[in-house]
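Before any comments, here is the structure.
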């Protein structure tokens, strides 16, 4: 059993009629909905508006993989909660950061880079599999089409990914490393570009397949309840000569 | 001409007689001293005690490569200056972090991981070249001996390095990725483990050779004065059809 | 069910009494023996002496993960079989290359580098986990001790690994990247240094745990029966304007 | 002074009038021509038709960086010369493989993978800089336009590159890792996709800038005249206890 927490800012859906029409139960409701059909997954949700954004120490301790969508309240996100998420990732919790969450405090803390990119509304994306043997690409064709998507373009200021599982082609003339994996401490991170809030992208079956695959790939092999701290070795392993 | 700023906390040397005996002009004085013999380098120094730790916006703008040694005042280092250094690295400034600076705010911000390791005073290290074609290893033999060094041991909680140029063997029975490169934004980073303050390590010719090589390798190819920020592309590069 | 083929050259065990005493049923017999206790694995063996070294097209088609130990007959190994193994790895078959198999035709073809290293009989190794969240390190302590092992030392002329899961410390003063993963085409490769034929290393429980983990990690996500070939795209995906 | 050998198959230019019209002195003549304007470079050329393809042991010993364009005679290229080039790369010689040379014996030997890709004549490419701090991207804008180019598309079956310096967007709807670096042994390798023989791509100033940058980046730091071979260490560095 993998315990998944789907976190969504849940601001756009309440503020804009057209976005609520796409995601009447919020992006988190849509994602939790299709993940719950998988009997291996135990899914809960949380949003920005809850105390501590719904991501208390207790919730994170009981989370194997955190899915994270954010955009409008990046700066208002509590520093303490961002630090807490980072700490849990380093101790093993998996993290799937979606779309504009590239610019969240959580991702900036974990990546250390500017996380900047080029962007423009109203484009179309073709997502190529560029690591076909990777578990996150399991069951997918050579490429998938996303009929409407916000363009995210290079240069994307991230550290070198472990794997670039998906590379995006945009009709408007740009490219993007749209699906990237990273390891930080014991935790596995998957950044996935698709998912602009105005378009029904998380209803697409291949996108759902990618997220299911990613949840399973992000499941920690090892999880620690304390640390990280430096460790003094009081007695050497060998006599020093 | 490469403009180098050698930053040293300069606390241990003033507090302890035995350390002052090793570095009467401070670790920064020693490092600046041998670097100044290279006519390609223009070297200045700065220390913790100066206003803004001597690392003002102006100083960093005029710095191509920052060498950074810290230990006793990691937590007291001003957040604003740590953020400033990070920003300059992302815009292209090179960074050489020495020894215990692995645990500085600067490195934690840039790496995003716990930066933890195992440690113990009073050991002996053999430093193997594990990337012999790398410019930082130029002119070095297959390994060098460091007669007295603090042990730093694995697991070292860092993101995957671009290259592990040096790997350390310790007489006390441990191993360490003792020389690692990273790219963050436009900046090149070299972390180098040797340099415990009680031992005259920065006087060793091969260590000086490594630092000279590293300064040249860290020299930015491209330096930006602004950014990073996300960029809106108002007109698509191609008509979208 | 994972179909494993354990291939062993099986020369030393037949030639030398002392080695036969360690591995009376051959290294392949020992490894197949402990793997067969895992109900998820279906295990067969093959050796150098069989026609086509026991690695026919049919055997490889029915192999998910190939374990490969070789030393005395590296040069006599048929080129055609080495090419066949390479082709199956690129199409998805997992490969675990053990000890002196670093210098096999198979590994040289897949890696493209010299695969050279330093070596000396009669040493002792401490194997540190340097990627603690990696599935191949699951269930292991921070390090394990191998009381007698042939020393393999750096510089090890390999391409940059995906992950260095284990790093070896040798009592004789050397270090080695003793457990490395690589991806080639659709195939996953794990190179594992321990396993000199004179010492009972494959009887050690932690080593058996590593090999069980590695078999599961090397299981292909995707397997192709043809290719690789370049593909002409006769009709563009988009009208070219 | 960097000693560059520009090798070109030089078959298409002699067989086809339209290609000869683009490159009347061969692709090698064009490339050698603009490189010779750089006073740091000493440039010679060689072609398929010469004995040993003009790449004798002596020529390679005197070559710091080999530029290599091939297509029509990949299979007829002498195995012994391909092996010789590989050996020199592992000992430090730089290699710049252009366009269809991805499928040369030389690149297949060095990479170990299938080197397959998707392709189609008659497209248009926009080349994005995806590693803006890399020396090979020095002096370039965020992207350059190549008005006519053969499409090369993903999945490109290569080992994970050290850096993906350029990523290509194609009007026909595909993406490609168009500029990739690799380290093999002591040698640095740059694969660069642009350069279909029917189009005057190597006359473009930004492409010439990339190749000049690449030559300088590929210049070896260390060059060995022998090896690689495994080395027996007869006396341990430390007493073994």
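Per-chain numbering from 1; labels A, B, C and D assigned in written order.
Basically, a contact is a pair of C-beta atoms (placed from the backbone, for glycine too) under 8 Å apart; a residue touches a chain by one contact, two chains touch by 3 or more.
Quantities reported herein were computed from a predicted structural model and do not represent experimental measurements.
Student: Identify the chains in contact with chain B as well as chain D, in label order.
Tutor: In this structure, the chains that contact chain D and also chain B are A, C.
Student: Please flag the chain sitting at the greatest distance from chain B, going by CA centroids.
Tutor: C
Student: Any chance you could check whether A-D or A-B wins on number of contacting C-beta pairs?
Tutor: Result: the pair with more contacts is A-B.
Student: Which integer distance in Å separates the CA centroid of chain A from that of chain D?
Tutor: Roughly 37 Å, centre to centre.
Student: Any idea how many Å lie between the Cα centroids of chain A and chain B?
Tutor: 31
Student: I need the residues of chain C touching at least two other chains; which ones are they?
Tutor: 126, 132, 153, 160, 162, 171, 173-174, 183, 185, 237-238, 241
Student: Write out the stretch or stretches of chain D touching chain C in their complex.
Tutor: Result: residues 86, 90, 103, 109-120, 122-124, 151, 153, 157, 159-160, 162, 171-174, 182-185, 227-234, 236-238, 240-241 of chain D touch chain C.
Student: Write out the stretch or stretches of chain C touching chain A in their complex.
Tutor: 92, 126, 131-135, 137-138, 162, 171, 183, 185-188, 220-222, 237-238
Student: Once bound in the complex, which stretches of chain A touch chain D?
Tutor: Spelled out, the residues of chain A in touch with chain D are 126, 128-130, 132, 142, 153-156, 160, 163-164, 167-170, 173-175, 177, 238-239, 241.
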